[in-house]
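Before anything else, here is the set of structures, which you'll find just below.
Shared between the two complexes below is chain A, which pairs with chain B and chain C, respectively.
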Partner chain A sequence: MIFEKRTERIFLAIFFLIALCIPLFLEDNSFFVGKATTILILAVFVMSLDFLVGRVGLVTLGHALFYGLGGYLFVILTPEYEAVNFWVYAVYILAISALIALVVGVVVLRTSGIYFIMITLAISQMAYYFFFDSLEFGGNDGLFIFMKPETSIFGLNFLNLDNPTHFYYLSLLAVLVTLLAIKITLRSRFGRIVEASRLNPERTEALGYNIFAFRLISYIIGSTLAAYAGLLFALQYGYVNPQFMTWEMSGTALVMSILGGMGTIYGAILGTITYEGLQYSFEHLSEDWMLLMGGAIILMVLLLRKGLAGYLEKLLEK
Partner chain B sequence: MANDIILETESLSKHWGGIKALNDISLQFRDRQLHGVVGPNGAGKSTLLNMLCGTLKPTSGCIFHKGDQIEGMKPWKFVRRGIGRSFQKTNIYADVTCLENCAVAAQRRFTGSFNLFASRHSNTLVRDAAEKALRQVGLDSRINTVAAEISYGEQRQLELAMVLATDPCILLLDEPMAGMGHEESQRIIELLNELKQSYSIVLVEHDMDAIFELSDQLTVLDNGTHLITGTVDEVRNEPQVKEAYLGKEDEEEAA
Partner chain C sequence: MSTELIFVQLVNGIQYGLLLFLIASGLTLVFGVMGILNLAHGSMYMVGAYLVWYFVSITGSFTLSALLSAVIALGLGILIERVLIQRLYNRNHLDQVLLTIGMIFVFNSLQSILWGNDPYGVAVPDTLGGSVPFTDNSSYPIYRIFAALICIAIAAALYFVVSKTRLGMLIRAGESNREMVEALGVNIKSLYTIVFAIGVMLAAVSGIIAAPMRSIVPGMGESVLITCFVVVVIGGMGSIKGAFVGALLVGVISTFAAVLMPSMSNMIIYIFMILVLLVKPQGLFAK
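The block that comes next holds the complex of A and B.
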């Protein structure tokens, strides 16, 4: 069983049950289906960050770099007047993202601790300003998708990306795939050494493992998953712009993962939903909603030492 | 008796700023011998072991393993050459079980660690080797206990079990018995007596009775310098040593 904790199994069962049914109740309300889709896409992004920060031990403040890259690569590489195949292009773009993650990883993983935080932040800010200042990539306005891709597999076409409900299920699938990919990786023989490297890097090296290699591969996995989230987000809204890769984007995802329970992976889903839910409620409550919301988050993080998942576990694990 | 040199240092030195932790040390470690290293606190024993296992880079001098010069290599390459070490300050994975601690150590021997799909629990060879190492040091009853929850002495045993689980040819042990109870120490002395038939061991230890009993060769360090290397009897009868180290130790014990 890759889901070791009871709490985890219960939460995921309830989550997927509700998530599967949501469009049935909101069929006529495409605004809410769209909102729910965005939350699912964000959850993919936050899970990939939670994996890196909470499980590999790489505290990155530049994770949005790959979220933005996924979006930009997708919009830039799809031809304007021809509908490409979504699945083929997704694989193609993720492969390029993985390659970029490899190069960036080789650079940033030479540092650790506070320097790692600074250099990941710096590189993602460089990319932000590059796109912000670039004329051919649309500067601050970004780029628009002219032709949405088609989604047939072996000639079968059961998915229409213009249909919000279909897109919702595509995003839910992404959550499931991301969750499984991370959990299987963590349980694997590779995951054992990744875990060991986080718990005690010195000892792990003294036991014969090249921890740089394990961190690099993990970094590529986490970054590629983030790129997939960015790609989906760009596709949902039909555009990409530099806002995808701001440090606020990285920071917000970090807050969501801490709120959910750092390193628990399923907590990232919980944290994303809670954060977005709070934001939606506070937005309608008052003009100063950002202040109120900040206060609420700080309070929750302080009260729930191990995040929402930690709290649930205290209730449900014997 | 096998007399081949398996590990050798040549004018090895380590300086930190003005502190000469080790100065111009040339030693030869022979195959399947237990080589004791003693000396007062701060003599440079741990520094020597740290360089022999690659975690510290020497300021100058060379280390040879089976004739290859290895002192610039990464620590994990030392392990792949069969050089394993235990730490003076317990250095384990406190948050996971004793079995998992040893499984990390053993995994590299039996299976690729870049397998992202196969479950870490699916290789029985890894599990068997990890359990064997725990049994060797007498931790049979603690296999599924989280390492943070066992006693300090037991953590010292686990520390040793982890090195054994890597199945090295050369064991570098930094005060493995420090902090263990009498019974546990006896068990480890017995184990080391057994292990030295098949491993080369470099043992740093404060327990003089144990060191005299176990050592084939004995080196005395003092203040970063090499005083003498010889058999236990040769070293015991060396007046300079009595004065510089053994004498002091007696006084300390008397005090």
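The block that comes next holds the complex of A and C.
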């Protein structure tokens, strides 16, 4: 069983059950289906960050770099007025993102601890200003996606990305795939070594493992998943702009993952839903929602030692 | 570029660098002594600028407003440390990051509730108005020179306190071995409160000094925060000397970049920081 904890199994069962049914109840309310889709996409992004920060031990404040790249690469690679195949281009984009993550990883992994936080922040800020100041990539306004890609596989076409419900299920699939991919990676020999090198780098190195290589591969996995989330987000809203890459974006994802319970992976889903849910409610409650949000974050840090997942586990595990 | 222009830009860069140092010094002090990365540090800079603007609009006196704002900032620092930060000393660093992000939300929101989202400006005090001639056809505003001098004075005071006084001795001791300092009978809790409050006040004082030179706008804290990160990382986290050198480098480099290659100017300090970290992964003055 790749889901070791009871709490985890219960939460995921309830989550997927509800998630599968949401469009059935909200069929005619495309706003809420769209909102739910965005939360699912963010959950993919936050899970990929949770994997890096909580399990590999790479605290990055520049994860949004890859989120933005996923969107920008799509617009840059595809012709403006021709629908391309989604799956083919997703593979291209993920491959290029992985390559970029390799290069960035080689640079940033030379540092550690607080310097790693700062160098990842610096690189994503660089990318942010690169797109912000560029004329050919639309500057602050970003770029628009005029044609949504088609999604046929071997001539079979059962997904229409212009249909919010279809897009919703594509995003839910992304959540499932990301969850399984991370969980299986962590259960594997590779994952065990990665975790060992977080818990005790010296001993892991002494056992003959090249920590750098393991961290680099993990960094590439996490970053590529983030790029996929960014690609989906760009396709959902039909544009990409430098705001995808701000440090606030990275910071918010970090907040969601810490709130959910760092390193638990399923907690990332919980944290994303909670954060987005709170923000949505507060925005409707008052103009000064940021005050309520900030207060809620501060309260949760003070009260929950291991995030929401930790709290649930205290209730459900014996 | 004429020599004259180079000279003017150099002075501009140094003046900007000195201001950056003042902001960054608080950040690096708190990190060095307490091991806390205060992401809300930029918000304290913003608080300083807004407070001084608010008091000037009531009293009309810049000096009085500046003093009042600095004292309020000191009190705010003590309050935040006592009520919030103190509860997280035994917790994960990421919890501290989360807490200070929550504080950014709260301060940004309070700013918008109390003072709205319009940009404001503070007039340069009359006695410091005008400018001194540089060469035949250029001059430099007196207030900027005054601001630079204040920054230098505070830097010198900080150096004196840290290296020559009993408090400074305790701060340095607390940096290298917290348990030992505690075992020797020093109340490390109140030491931390003092250090954090000084950090907050340094950020607020920077905001006060910057107020007549820059526009006071929402979000001013975050942009300065990221620049400060660059400064302290280049210098070496926790090192005040490093922050000084880092701030001057960043100040001069970004000022020249804005003139020489405007399209790259925003990126250049990050490129510089990455280069520094590639050569020295712990910054220039690593401990």
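Keep in mind that, in the parts below, the second predicted complex is superposed on the first by the 318 of 318 C-alpha atoms of A that agree within 3 Å, B and C clash if a C-alpha of one lies under 4 Å from a C-alpha of the other, contacts with A are read in each partner's own complex, and residues count from 1 in each chain.
Here is the rule we go by: a residue touches a chain if its C-beta (ideal position, glycine included) is under 8 Å from a C-beta of that chain, and two chains touch if they have at least 3 such contacts.
Since the structure is predicted, the reported quantities are computational estimates derived from the model, not experimental observations.
Legend: residue contacts after superposition of the two complexes on their common chain; A:254 is shown touching chain C, with no touch to chain B.
When the two complexes are overlaid on their common chain A, residue A:209 makes contact with chain B while staying clear of chain C. Comparing chain B with chain C, more residues of chain A are touched by C. Applying the stated contact rule after C-alpha superposition, one finds that A:4 touches neither chain B nor chain C.
Of the two partner chains placed by the overlay, neither chain B nor chain C lies in contact with A:283. Contacts of A:141 after superposition on the shared chain: neither chain B nor chain C is touched.
Of the two partner chains, chain C is the only one touched by A:115; chain B is not. In the superposed model, A:317 makes contact with neither chain B nor chain C. Chain B meets chain A in the complex at residues 53, 55, 74-76, 79-80, 84-85, 87, 91-96, 100, 103-105, 107-108, 111-121, 123, 162, 166.
Within the complex formed with chain C, the residues of chain A that make contact are 53, 59, 107, 110-112, 114-115, 117-119, 121-123, 125-126, 129-130, 132-133, 247-248, 251, 254-255, 258-259, 262, 288-291, 293-298, 301-302, 305.
The part of chain A that touches chain B in the complex is made up of residues 184-185, 187-193, 195-196, 199-200, 202-211, 213-214, 217.
Residues 31, 37, 39, 84, 87-88, 91-92, 94-95, 97-99, 101-110, 112-113, 222, 226, 229-230, 233, 237, 263-264, 266-267, 270-271, 273-274, 277-278, 281-283 of chain C touch chain A in their complex.
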